[in-house]
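You will see two complexes here that share chain A, one where it goes with chain B and one where it goes with chain C.
Right after this comes the complex of A and B.
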């Protein structure tokens, strides 16, 4: 494992523990592999996602922080910017130069100074404000745009499911 | 985690949580370690030499503000390396002292609390004895210790930390690069500046630590301050012939001059000497010569000076694979003879070597070449794990996982089959009615969410 990446992740992990941010919990799944993290993101309040606890895995490449990690939800979630397999598609997780949807400006892309905390915060705000213009899940974007009521109903149901109701 | 992994959050529980912000700004934002050989970009952000070189070879942008930048524009951030060394020297002592202070404070508080309780008990007894026990509850409330965990305060502190370095730095970089805009005539001043740069790598050679601080620093200042024509960095451009940074408005004339000079037989400053012709212009950063003459002839580098030159990055498409191999072999870096490795791999290896080599020159304690080659090998080994684009947990046992989750997988497969059949049905229906209803779309959508694991089986 890349010693440099591990040191950096260790540092980030310590900061996350000692400097908790509301609604975000993250840490390596096992001490043997620091490159695979599990995280929990609370659904932002005043959105249909409110009350949900969304679990996801963060996978770090060996040249982290030069390349961004990937974030994949492991629970059911319906969101325009989340692929049906759970992979999150937001600009902060895309390295500059690689733009799958030809949409993002370079300034909001991944850069080595970003961190797990910032990524998870961005995901939280992505939950609150979906970007239906560059949808990863076309069906969800379509529903978000055309049938908001239905969308919110499903999202609420998923949110309840995430906490086992 | 362990105490031997120092971290800015160590300061949070101390009586001075603001030190967290201080330490955060003394750390590189890329590796989160204290700066090693700090370099400042032309936009004024500071990073470790190796970190920023690696970042710039991935994308030529400042990681913080995304402004375009290039390696030759990086400048030493001298004050930061001094700050880091003096801070790390006192860090442990400071932390211990503060922790002790905190313990003392807590002990005092506890003592006070006990005293207060006792006092209350006394008053209560007095009151009870006077038969007046109406407001006892009230007293109890007051007696509640004024103890409040100091946790939340530091979040506000944490917001500001990185600014300090940004304020100080831009000035340096403009100063140094504005010098470069001064045409060839002033090359003497440029040279003297760079001589200082070079002296930095091995300060112990000429100065003891104290000497270095007292004599070398002022010298740097006077040397760097000379011509102060304020030129915006963004208007600078490297001359394609000699590699010097020139103002955009004059670059054309300058390049023409350079080309002419190259064509003419007499040796000229840009093209005369030891740098091999295949290397890019960047190699020709001026080196120190105390006896530089106005004639602008530069004597060839001595072996020692050549050792200290920053290597140029070169251009991937202009370098032939054979040259690449030769170059790597000349350096002493492993590369296979049979030509199994692609040019891309070789190129990446050379680039990383250049990063490591140049960063080592910036370092205060340079390593030997052998150590650097080992570093390169370690780095490559780490990168190789990355080959599959999706990194997988090494301890992950596919077999065990699939057997223990067999039921779920089967259920998923079944549901996927069902949903696929349903989808088909829906599609047929839709084709028949020519108008799919929203609700069926939703159904398939939801079914689709659970299905990714199917791939695993």
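Right after this comes the complex of A and C.
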């Protein structure tokens, strides 16, 4: 079961390294474990996240790519769709059967034709355009709606922190 | 018809509920004054916080909201700061943003220890030995807030301080051409790691430029 997942992940990794996509990096943390990756996502330009480099871990299930990976930020981040523990909540990471938010269409959810690259690009556009209906971080959603200035100030501060400034 | 029945009923209501209503209004007004309006008066001086029981003004919601924004700050430190400023979430937020941390209360509380990072343990072996930490602390003033943060920055995590100075002077375009395009696992990893490090160094350089402007 897992052997299939490893084969697929190796080919995705090869693809990612040979055809670099601007602003994202992903790869296994250790050569011995292909089911746990680290990744980097650049803050999208013209947003308060600009300039930040956001690190996260991707954990793959044994039946990948049938089931989606989970993505968890390993840096301080304030965002309406990121739980306080760093776990990201977006439709592409949810399998079609399970829809915790009841508004996602099946086409934007996980399926084996998605990939690590598409997940990371989705997360990047999620940073630029938060969905404040999903309540992964209720306080961040509230601040995003009601006190945008404060929200952007905190986000900028966190962005500087990611690169040690 | 309707005009003749309504006046007595309204008069009746005014007569029977008038006084309890007044008392109720007074109680509500007192509560509103006590819990909603008073914090702004309390925040006038730090001395007043010692005078009255400040605990009453710190709502669990405020602590929770601040925790959600700054998970690296301990609940005890948040509560202590809120008690000092009379429950103002804004002023505590401001303080965390300017200082990067909150002082822990003097009472014995559990200090947050920096948690081991998922990436840190496994990614080091191949990286360059002999990193210069003194340079690290000199070039990043924000690292002084170390004890309060839950996550380390990427430069620290991947030991990139030693490469920082050199990278500022080299152009990023030279990097990929040097690596031979082999596809076996080992060289994939080598190229992957290099790409990761260069991305971080590039981001740091860009952020330095951004802050200079």
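Keep in mind that, in the parts below, the second predicted complex is superposed on the first by the 164 of 165 C-alpha atoms of A that agree within 3 Å, B and C clash if a C-alpha of one lies under 4 Å from a C-alpha of the other, contacts with A are read in each partner's own complex, and residues count from 1 in each chain.
Everything that follows uses one rule, which is that a contact is a pair of C-beta atoms (placed from the backbone, for glycine too) under 8 Å apart; a residue touches a chain by one contact, two chains touch by 3 or more.
All of these numbers come straight from a predicted model, not from anything done at the bench.
Model built by superposing both complexes on chain A: chain B and chain C clash. Of the two partner chains placed around the shared chain by superposition, chain B and chain C are both touched by A:78.
In the superposition on chain A, A:11 makes contact with chain B only, not with chain C. When the shared chain is aligned, chain B comes close enough to touch A:61, but chain C does not. By the touch criterion defined above, A:118 reaches neither chain B nor chain C.
Look at A:148: by the touch rule set out above, it reaches neither chain B nor chain C. By the document's definition of touching, both partners, chain B and chain C, reach A:29. Judged by the touch definition given at the top, the superposed model places A:139 against both chain B and chain C. With chain A as the common frame, the single stretch of chain C that clashes into chain B is 62-70; none of the other options in 8-16, 44-52 or 62-70 do.
According to the touch criterion, the shared surface of chain A, contacted by chain B in one complex and chain C in the other, consists of residues 10, 13-14, 17-18, 29-30, 36, 76, 78, 84-85, 137, 139-140, 143, 150, 154.
The residues of chain C lying in touch with chain A in their complex are 64-65, 67-72, 93, 97, 117-119, 122-123, 140, 142-143, 149-151, 153-157, 176, 181, 183, 185-186, 188-189, 191-193, 195-196, 199-200, 203-204, 206-208, 210-211.
Residues 1-5, 7-8, 10-15, 17-19, 29-30, 32-33, 35-36, 59-63, 65-66, 70, 76-78, 84-86, 95-97, 106-107, 109, 111-113, 137, 139-140, 142-143, 146-147, 150, 154 of chain A touch chain B in their complex. The residues of chain B lying in touch with chain A in their complex are 1, 5, 7-9, 12, 29-33, 51, 54-55, 58-59, 61, 63-64, 66, 154-155, 158, 378, 382-383, 385-386, 390-391, 393-395, 438-439, 441-442, 444-446, 448-452. Across the interface of their complex, chain C is touched by residues 10, 13-14, 16-18, 20, 25, 27-31, 36, 38, 40, 42, 50-53, 55, 57, 74-76, 78, 84-85, 137-140, 143, 150, 153-154, 157, 159-165 of chain A.
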